[in-house]
Structure formats: C-alpha cells, structure tokens
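As written, the chains take the letters A, B and C, and residue 1 is the first residue of each chain.
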Amino acid sequence: MLELQHIHKYYNPGTVNEMCLFEDFNLRVEDGQFVSVVGSNGSGKTSMLNLICGSIPLDSGKIVMNGQDINGMPEHKRNRKIGRVYQNPAMGTCPNMTILENMSLADNKGKPFSLGFGTNRKRIEYYREELAKLRLGLEDKLSVKVGSLSGGQRQAMALLMSTMTPIEFLILDEHTAALDPKTAERIMELTGQVVEEKRLTTIMVTHNLRYAVEYGDRLLMMHQGETVLDQAGEEKQRVSVEELLTKFNEISIECGN
Amino acid sequence: MMTIVLGVLEEGLVYAIMALGVYITYKILDFPDLSVDGTFPLGAAVTVRLMLAGFHPVFCMLAAVAAGMLAGMVTGLIHVKFKVRDLLSGIIVMTALYSLNLRIAGRANVPIFSQETIFENSLWERIIPAGLAPYLTAMILLVLVLLVKVLLDVYLKTKSGYLLRAVGDNEVLVTSLAKDKGAVKILGLALANGFAALSGSVYCQMNGFFEISTGTGTIVIGLANVIIGINLFRRLTFVKATMAVVIGSIVYKACVSLAIALGMGASDLKLITAVLFLIILVVSSLGKTGRPGKTGMTGKSGANGEKRRGGKAGKEGAPHA
Amino acid sequence: MKVLGKGKKRMALVLVVGLLAGLLAACGTKETKENGAVNTTSQNNSNTDDQNKEADNSDESNTPAEGEEGNNTSENDTDTEGSVDLVEGSFTIGIGQFAEHGSLDNCREGFLEGLRQEGFVEGKNLTVLYDNAQADGGMASQINDNYIAQTVNLICAIATPMAQSAYSVARKQNIPVIYTAVTDPVLAELAGEDRVPVGEVTGTSDKLPVEKQLEMIRQVLPDAKKIGILYCTSEVNSESAIAEYKEAAEKYGFEIVTGSVSTVADVPLATDQLLPQVDCLNNLTDNTVVSALKVILDKADAAGKPVFGSEIEQVKNGCLATVGLDYIDLGIQTGKMAAAVLKGEKKASEISFEIIEEAAFYGNTAVADKLNITLPEELTKTAAEMFSEIAE
C-alpha cells in the first residue's frame, strides 16, 4: 500500500519563479491496484511519480509505503521495491552493454553486487524465455549491444528488466509516449500482462486516454496539483474516452485556454 | 635496435598499468579524472618511503595501491558528496597530492638505487641466468601488466564490474537497480587511482628514484594511450579494449621514442602529441557516423578529451637541477 | 555519405600505417637518425663548431693524446683557442639536459669545450646527440633509452634527475655516465659517502660555496642582519642549500629568513612578503626562483635592497654580486673527466666525483651604483669578472 499524505511541494521557493505544485495533496493506492493517471501538462503527474520515487525532495507531508514513512530514504533504497519505466527508452537499459549483460544486471537487483560472475550461465535459458515472451526476436540476440536496438525493443526490455525481480510497485512514466502507435500498443499489452501476472501495485501516467480507459482498475485525472477525477472499480469500468475528453475540456476552459 | 625495443616496451608497459586506470575512468565511468597526475607520483612516493624504511618491495607496491585507492576515493567523495564538478574534484586532489607527495617522500627527489626492488633483488640474481638479465625488466613488467589486465577483465565481468560499466553508461538504471550510483563512482575512481599508483610504484622501482616532476602530464599520457589503443583496434573486435589500451601504451611510447630519435625536442613533443590526439579523435569520430549506438558515447568522450587537454595546456612542470 | 565514409576509412588506414611505420622506423635505420641528430646539435653549438674548424686547419695529425694529465681541473683557459690533437677513432656521446636554463646551458657548452681540449672534437671524431627533457621526468628516461639504443660511448647528464635516470638505464648496459650540476651526488645515491661512485657514474657537483658567499655578503653589507632566501619546495637541491645556509649563518652574524614557493607564479607574492623582513636577498641555484629573477630584482630595487646571486648569469642579469661557480668551468672540468673515460684511461667507477673548490667573486658595478653601495676593494681586486651593465 502506498499513501501520500498532505503533500506540499513548491518549485523554486523564495524566487520570483516560485510555483506551487502541490498543496495538501493526498492519495492512497491499495495493494494490487492499477492506477491510470491522466492530466494536462504541468498538472503534477510526473512530479508525483518523482516524489514517490525520491527523485525530487518533498517540502512537507508524508509518503508511506507499506506502513513505513519513506521520506528521507534515498532514491536508490526506495527502488528496492519499485520498478520504474521512463518515457525515454534509453533510460531503462545500458546501451553499451549486451542484452545478456543487461538482463543479468536486472536479475541482480536487490542482491549484493559482489565479485561473483555477473552473468549466471544457468539463468541464460530463463532470460531467453522471458525475452521470447516479448515476441521481438531478442532471445536470439543475447550478445548484441542494447544501443543498437530500436526504441520499442529497448522499451520492451526496460519493462522486462524493471519487473524481473520481485518488486511491489511499478511506476510507468508515459512509457509509451516516445513510441510509434503499433509498438506502443505492443508495449501496453505487455504491461497489462506483467501487471496481471505479478500482481503489481501500479501507477501509470499516460497521455493516451484510451489506454487510461482500457487499462487499470482506477482512473485519476489531475489538474494543477489536484485530483479532479478519481474513479475505481465498477465506476471506472463505465468511463469512456468521450467522457474523459469532455472533462478534460472543462478543466481547460476553467483555466482559460 | 634490441635495446630500443626493450626500452619502448618497458616504458610502454609501466604506463600501461596507469592507462588501464584511465581507461576505467575515461571510457567506462565517463569521468574525466585528473587526479592520476597526483596518484602516479603518490604511488612512487609511498614506495620509496616504505622501501627506505625497510619494507619488502611487493609490500610497498600493495601499500602504493592502497594509497592510490584512498586518493581516488577522496576524488569520488568530493564529487559525489560535495557535488563538485568531476574535473574540479580531480584538480583539487591532484593539487593537494603534489604537496602530500613531497611530504611522504620527504624530498623532491629520492633515490633508491641501493634498495632491492622487484626488478633487482637477490632472488633474481640467483635464479636468472646472465643471458636473460637484459630482458628481465621487460619480462617482469609483461607478467605484471598481463596480470593486472586479466584481473581488470575478470573484474569487469563480475556483478560489481557490471555495475561499474552501467554507471558510466546509464546512471538512472543504476539507481533503478536500487544501487547508489555515487558509491559505484567512488569505487571506480578508487580502482583507477589504485592502478595509477601501482604504475607509479613500479616506475620508480624501475628507474631507481622518485622524482616529483614525473607526475606532471601523466593524465595526458594515459589519455593518449587509451585513445590510441581503442581507436587503433576499433575494427578488430577480437582485441579486447584492455589489450588495446596496453598496446596503445606501447605504440605511444614508440612514437615518443621515434620523435626523440628524429631529434625533436621535448617541447615540440607536446604539440605533436596534441596533434596526434586530435587526428585520431577526428578520424575515429568521422569513421563512426552511420553506426548508431556508439556515436553518442564517443562524441561525449571526445568532448571530454578536448576539455581535459585544455585544462592541461597551461600547466608547466617546475624545472629542477 | 558512403563515399565520404570510405574517404574517412582511408584516412584512418593512413594513420595506422603511419604509426606502424613510425614504430618500425624507431627500431631500424640507425644511420639516418644519427645524421638527423648531428644536424640539430651542430646548429645548437655553432660557436664550438667554428673553433673546431680552426683546430682542424691547424692540426690534422691523429696522434692519440697519451697519458695527458688533463683530467684534472687547474688550467682550463690555457688552450681554449689553441690547437688540439684529435684522439683516434670515432665516438658518440649523448648529452641529456634536464631543463632549459642558462647555467645548465653553460654546463653543456663547457662540457664540449672540455672534451675538445682533450682531443674530442664534435663533427670530427665526436658525434653529439643532444636532448632537453624540459623538466619532464618521464621524458628524461626516454631520452636516455634512446641514447642506449644508439649505443653511445658515454652519456653526459646535466642536473640531478637526468643523472639518476641516465644511470638507471645505462647501468644495465655498462655505459658510463658523466654528470654535472648535481648538487649532492651522495644524497642522489650516485656516490657513496667517500665520493666513490656507486657504478659507472661520476661527474661534478655544483654545490654552492655557502660560507664564502656569506663572508662576501658580510663584507659588502657590514650592518646587515637578516638575509632572505626564496626557494621552491619541490627542488631537492634548494632544501639542502637552505639547511647549509642556516647552519653557517650564525658564524657570520646573520639570520636566514626563508620564503617558499611551489611555482613561478608564487614568486611575486613571496618576494613581497619576504622583502620587508630582511636586509638583502640571496639566491640559490633554484630553477623556479631564478626563472622569475626579473620580478625579484624589480621588487628589490623598489625597496632599495640588494639581491645576491649564486652564479655569474645572475650577476650579469642584475644581482649585485656573488661568490659563485662558473658553470662553463664546471662543464670543462666535467668534459675532461669524460675524456679520460672515453680514452680508456680510467673507468668512471674509478673516478670520485669532483667539486669546484675555488669559487670566485663576481660583481656588477651598475647594480652597485644604482643601490648606492660600494663594493669593497678587497673583493673587486680579486674579482674573476666585473660587469658594468645589466644584461636584459
């Protein structure tokens, strides 16, 4: 379970550019919930993810993960339980290392990076199986450097790598936005499968309203640091893209643009 | 003829150890680390100090490595904890080490001609036949360098080594893997400077004296070795990068030797080195257009190389008599 | 794009070939290299060359100079312009100089002159390879490697690091090393306490005549109490000289105040700081400090305080006076030692290193006038040379 309590976050405090992003923002995500988050630019979606992961500091408030206040815990320690896929496919893999080496790296997450051999030969078959599930032919390219793969292939690997070891939370930060529609579709399919299979508590930020509607069991629309729409369960199932679009336009008009 | 080959080999091999360290920082970590200018003589200073205190040369070498690693860690800590820029943290440590090295060695020039070294000791005298004696230094160095190279190769294949490579490649991923990227960088810098100090330790044993001025320009030699090596063997995929660095180191010294033999002065040599650098960098970056994936990496490295040379340009060693 | 790509590949290929060719060339074709080296050195030493010609015209007989007593100091000036008998055979020597520096250059000049007087004439029976390491320790050992590869008969090393480096390389091949301008060969482990060389390595020391200098300063400035000395912490010779000055100062009623620098750039500040505390400044042969002599002189002039030098060059350039070494003499003395080794009269290991004992007084009247100081007559009478202007 993940809880954001009374979050306050200002950007550039004390300067003319001071900007209030969150003022008493609250959110509670139950175990196993798949939350899709939509919202206009600057609504605080990505900032929220960054606050959860510890990439940016909090001004005040509490972030509680499984009952523990994780405020002050450095980013890399939080990541023990979190898997994150970024918008940029290059962020989730090491371009100058081979597919096999990347898989090995991911496989070692949470274990000590000792002087044991980086690649466990016994695991190669497992990596191959996992890669085969992506249906991108990567299982035959184990010794190819990831840098020479396409964006879609890399993002698929990034998804696979971030969910390979037992984690509890999956953070998806517009992870299909940089891909072509067909590849995006494929990555979304894979995402759905992985979340289902591993029962991950997931927060997915997306600009694709259709994905937001189709995937997940809770939908959040954010605007200027506040939740303007929050629907779960039955209610969420009934939401349509049209409805969302209407709501979207409403808040935009309120804003005067 | 044989002597010059041996001379080049010896010089090249000694510096190859340091170049392997520079390879870690420059190529793997993508960290322009200038502290090697201080850690190379640090290794020598520690060695002469301990040797004169009666310690075994091998122990002196290990102590030199430890001292170098410590200095590397300091560079890393300055960079990671105090958020000082990479180049600057190296410069800070390099500058501090100049004074420290003088303190450690006691004087600017300390001879160890009369001491037993890894090259000259009673053991070799007993077991090495006279006919092999001229090749002894080169052989010992070859064994040592290969040992260091293989160790580095093996290390880079360990989990820890993977992480080191990952941090230079994609810091974000390392954080995602729940590892502290700062700690990995510090580790990498410690390793690299341990190599540099080992190189300095071996160098002073080979030459029979410590001299504070030998540190000046170490980074330039190291970069030259790495860049020449990596670019010469770029197309030969069966040559490992570490081997390329070792060979590059020998090639560089051969070029220097040639320049001296042709009657070029040391003062011109720096310019020639710079031009050689530039040509190799330009040719290699041109040759790579159209090959995706790697371009970004070397583009970056190239820029760093430029920067570093710029930083070095105004620095002149204090002459001594 | 593709066409271009090919062109680049070709460039890379050319480069690789060039490097390889370089490697090969470095290993082979010794003669061409030697020729190249001869050319460069003969340019550097054109004046000695002229002298050679002279010598050549007057005497062409190849009688080997047998058992000449020339390997000792005494009469340096006797046959400078005269004719010499060429020693039979042809010899190659390497002269490695550690840094570019007036007095070190004088050493080299003197060294060649010393050899000439003993019948080794550059361009006739002597090939000289000359290199300067530009104060780069790594460079020094490569220069010496090169000499070994050229199978020189002898290496002349100028300044301490060069001497150590030369010895380190040459001892494996048993090539003799003759050094000069090494302040303390014992400290440098080139000789034992008894001045006996540790191997085939010997030469001359440029140890400063500290006591005589202090005595001279006392004569020039009867009321002075404090002498300021600037030195560079990374120059090993300076530290030992300072220690010696401090030890001897009391005897002449002086107190030594030191100012340390680590680079040339520190000199102006260090001078400013030191000047008000002292009655005069005294230079060592510290390369770093001497490089900035002009700055020191300007500041001292402004303060109206004299600066004493440590060798002729400094007096020529504006120091008041010195009881110092003539590096040319030092070089000549060294050259004669080298000649003895080349002739096979003695092995380097059999010759103890030498120190110039008689230091001479050098003064600069132009500086004295500027500072309103009269140099005592007992000094000027015995002066080896008096300068009446300040060299720029």
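Following the convention adopted for this analysis, a contact is a pair of C-beta atoms (placed from the backbone, for glycine too) under 8 Å apart; a residue touches a chain by one contact, two chains touch by 3 or more.
On a predicted model such as this, the values are computed, not experimentally measured, just so you know.
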| item | value |
| --- | --- |
| Chains contacting each of subunit A and subunit C, listed by label | B |
| Centroid-based (C-alpha) most distant chain relative to subunit B | A |
| Between the pairs B-C and A-B, the one where more C-beta pairs touch | B-C |
| Separation of subunit A from subunit C, taking each centre as the mean of its C-alpha atoms, in whole Å | 71 |
| Separation of mean Cα positions, subunit C and subunit B [Å, integer] | 32 |
| Whole-Å gap separating subunit A and subunit B, where each centre is the average of the chain's CA atoms | 42 |
| For subunit A, residues contacting two or more additional chains | none |
| In the complex with subunit A, residue positions of subunit B that touch it | 155, 157-163, 165-166, 169-170, 172-181, 292-294, 296-297 |
| Touching residues (chain side subunit A, partner subunit B) in the complex | 74-77, 79-80, 83-84, 86, 90-97, 101, 104-106, 108-119, 145, 147-148, 162 |
| Contacting residues of subunit C [partner subunit B, same complex] | 1, 5, 8-9, 11-12, 15-16, 19, 22-23, 25-28, 30, 33, 36-37, 39-40, 98-101, 103-104, 131-139, 141-143, 145-146, 148-151, 158-161, 164-165, 167-169, 172-173, 181, 183, 187-190, 198, 206, 232-237, 239, 262-264, 285, 287-288, 291 |
| Touching residues on subunit B, where the partner in the complex is subunit C | 1, 3-5, 7-8, 10-11, 15, 98-99, 102, 107-109, 111-114, 133-134, 137, 206-209, 211-214, 216-218, 221, 228, 231-232, 251, 253-258, 260-263, 265-267, 269, 279-280, 283-284, 286-287, 289-290, 316-321 |
